[in-house]
Amino acid sequence: MKKLINDPRAVVDESVEGFGLAYGDLVTVHTDPLFITRADAPVKGKVGLVSGGGSGHEPLHAGYVGKGMLDAAVPGAVFTSPTPDQIIPATLAVDGGAGVVHIVKNYTGDVLNFETAAEMAQAEGVEVRTVLVNDDVAVEDSLYTAGRRGVGGTVLVEKIAGAAADRGDNLDAVAAIGSRVNANVRSMGMALAACTVPHAGVPSFELAEDEIEIGIGIHGEPGRHRIPMENADGITDRLLEAILTDLSLNQGEKVLLFVNGMGGTPLSELYIVYRRAAKVLAEKGFTVERSLVGNYITAIEMQGCSITVLRLDDEMIQLWDAPVHTPALRWGI
Amino acid sequence: MKKLINDPRAVVDESVEGFGLAYGDLVTVHTDPLFITRADAPVKGKVGLVSGGGSGHEPLHAGYVGKGMLDAAVPGAVFTSPTPDQIIPATLAVDGGAGVVHIVKNYTGDVLNFETAAEMAQAEGVEVRTVLVNDDVAVEDSLYTAGRRGVGGTVLVEKIAGAAADRGDNLDAVAAIGSRVNANVRSMGMALAACTVPHAGVPSFELAEDEIEIGIGIHGEPGRHRIPMENADGITDRLLEAILTDLSLNQGEKVLLFVNGMGGTPLSELYIVYRRAAKVLAEKGFTVERSLVGNYITAIEMQGCSITVLRLDDEMIQLWDAPVHTPALRWGI
Amino acid sequence: MGLDADWAMSWLRAAAAVLADQRAYLCDLDRAIGDGDHGENMDRGFQALLAKLDEAPPATPGAALKLTAMTLMSKVGGAAGPLYGTAFLRAATALGEASELDGSQVAEALAAARDGIVARGKAELQDKTMVDAWTPAVDAARAAAEAGSAPLQVLEAAAKAAQDGAVATDPLVARKGRASYLGERSAGHRDPGAVSTALILQAAADTVAQA
Amino acid sequence: MGLDADWAMSWLRAAAAVLADQRAYLCDLDRAIGDGDHGENMDRGFQALLAKLDEAPPATPGAALKLTAMTLMSKVGGAAGPLYGTAFLRAATALGEASELDGSQVAEALAAARDGIVARGKAELQDKTMVDAWTPAVDAARAAAEAGSAPLQVLEAAAKAAQDGAVATDPLVARKGRASYLGERSAGHRDPGAVSTALILQAAADTVAQA
């Protein structure tokens, strides 16, 4: 394993420290327990947004803390959900009196830890609502699983719910728009090569030179199945078909197309995937109204990509376009 | 070689096409010959900025086309400088009557091709000035080399000169501020693992599990020397020392600290490098006034990083902070 | 050795030692069908517990289990943190202020722990989770206790059943937790949480036996 | 075969064929001390040239070289594009309207090409660049021409000297071009541009010989 790290056990702490040094004008890093808030938290009268999960998905979540998006991010150990004793103080720290929304990706660990934290924060007098994100169509038969995972759609939920909170929506309204985004978003990912968790020191799985994993999550876990290598257009068609089958868009509907890199894939390749996806969507009669291309929710240095499609309505477009000022996403300010 | 591509020979065309589809509101992609301009080019009365070079460094250069930065980008084949017959029409297309500045990284190929193009564009009646970027301190004895390479500093030159053009500076003034940035910026890079050029299909060089390359450029070429693996702090100290020895800052001077990923390194690791670099600069009595952390000038999926330090003056800070709206760098708008 | 506070502390220290020792093994199991962190998570939690036990040694077995619950909840994270946290908390509540445990108290504490895990995680038997170790352990412990066995025999029965239960997860297709995302591909691998359960229970039995 | 326009076209087609054939080899040489694209660049340029030659066959050797110059300049990129572009352009200018070349015209065209490369690239002998193939080629060609040799012998002398010059770059430390960034590490490798020069000149001689 070759990584730009010092002690494998110190990766999260040191990385967050560096992040805090680079973005000290935007965020405050709290240690013991570890969480990150907006520098100006709590914002009085505004609904607070808290998200979190294992580390290793950077810029998610800390990179989305700032005006128009999250009020706090709670990073766990690498690929391990954070604990209630981090989530609770983060929740209290960003409550501006209007309550707090937890945005939780649907993994057993995240769900259980946020659930406990929400109960305890409520006991401390903060109203909490939870938006569960479960957009991964790779998990087909959710009756026999822990349910669909939360993946790329999380970024879109955080942006749009964040904008709703920023314009003054109340607690239930912010949670409702977050859930509406989740209901209209679908994702699917693939890997060319696995990532290496620092404390493990070996790749999470081994792929031969002519194999790829389809239907991966964001934790370096193996995917639903392994297939022979395909070219970018073939891979794109495969991911998109799974998404569209599930989303069942109507002709003429507007979508946001999000092509995401898993961390070790160059931007040039993401553009090649975007090219195909945009063309296929157009051919099928859908309108790509907004787009996002880049490394926004990653699995350390995994090579691969995910595609996310969000069915847009006018309010979502307006909230997507609303100003945002975070380390990783910024416009209008 | 596993990549998200179709035909290895079509990588640049398809990638730029996807880029154009994703950012159609900001840029226009011209084909045959291939170059990218601002959607609203030429901007009447404004000095035009053109940069270019081999592809494989995304988001450089096309990602920096837009208000407050470049007017045109000219992508060559992967790691191969573009040709005059691309540079000339790009130059003509963005001349708003106030002349055009070419920002050229100091590589023999780029220099020769831009030189020829500048002559021909002048012959067509467009005033051209050239800003040469050569910030790489890894190239020590420039008497015996083609001179220092242009690397990370290029992004800063493009932003700051772009802001000068945007506020209405004339041709000589824009070129002068570009050269002033170049005179005050130094960079050095390293690789944990090489990249694979698509048409080659094999890595540019092989590194053992316990070796790293120090003093690499951005074209997948081997570096100045190969050393045993070190931790992130050790690597950071090494790169920073070479930079500071060359830049000779005075106590209390303000700097911009730019930690750049080579394409395959996760953000989390760049933060760990940033952490150390920011601490060392502070300890030495310099003020990190602005910073930039991320993948801004890459070598496809190379794993590694570069550090860039720019000595700031008040005008540079003002121009750095000025609004910019490009696919890859955006603030204030 | 009587099952008093000292025993509880010895047990928890032994559990910490065996989890540290098996860290890589548990990670390997988790890498095959999960995200490779189970050993790391358990080790982090039990190392933190060691420090807490030194700071303020608990006065009863129940207090020791409550401290364990709180520490695991705040240090382990992932799915295992809340599940083991709840398990130890429910067991502590079941034991109350008892200063030394008999066989049926041991069995009832194990049952309370298992019920807590099921309440939190909603897993059923054969879902390929730690429940597949806990439930046979509870059944075996209850049978032993009802037959009037001493605490050592109750714990030994529980540990052996947990270990058999862990082995029996090999052919199962996971339906809960991260391994469920793999579908059929999860078959042929052992569930890491079931294995850590067996290790912790075996440490409990060993601590009595070695006293 | 006389060195007329047909010969020039046959030569350029033969050069394109050998560069296509040696594409991977030239890339390998460039990967060792540069960025691995020299074979790709030359092949791209000469393939484009083939298309142009078919479209509008030039009427004189000079016109063929001028077409080559323009095509390489616009299709090769990198350092090699402008350098070969200038070389072929200067050679074309030196030949003027001549319809068939004698030995001394060949030698002077080679000298003009070399001078163009030096004017653009500022490399000196022993800087480990294509100049280390061109300059011995020019010297050998001139010597042969002055001795009154036929064009075939002039080209053969040039090609052999270029090839020897390319081999002689092996121990050199590069001082120009991308290889110079490697410093001492560039020694022990052959310069790709010197090799492509030798291949192109050998194709010129072979085309006369095989006619």
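Letters A, B, C and D name the chains as they come in the text, with residue numbers starting at 1 for each one.
Rule of thumb we're sticking to: contacts are C-beta pairs under 8 Å (C-beta built on N, C-alpha and C of every residue); 3 or more make two chains touch, one makes a residue touch a chain.
Fair warning: this is a prediction, and the values are worked out from it, not measured in the lab.
Note: centroid distance subunit C to subunit D, computed from Cα atoms, is 76 Å. If you average the Cα atoms of subunit A and of subunit B, the two centres end up 29 Å apart. Look at where the CA atoms of subunit A average out and do the same for subunit D: the two points lie 55 Å apart. Each chain gets a centre from the mean of its Cα atoms; for subunit A and subunit C, those two points are 32 Å apart.
Interchain contacts link the chains end to end along an open line, per the touch definition above. The chain pairs satisfying the stated touch condition come to A-B, A-C, B-D.
Taken together, the subunit B residues at the contact with subunit A in this complex read 2-6, 11-12, 14-19, 21-22, 55-56, 58-59, 63, 192-193, 209, 212, 229, 231-233, 235, 263-276, 278-279, 288, 291, 293, 295, 298, 300-301, 303-305, 330-333.
Subunit D meets subunit B in the complex at residues 27, 31, 33-37, 40-41, 44, 73-83, 120-121, 173-178, 180-183, 185. Contact residues of subunit B toward subunit D in the complex are 33, 54, 76-85, 107-109, 112-113, 115-116, 138-141, 144-146, 149, 197, 199-200, 204-205, 217, 219-222, 224-225.
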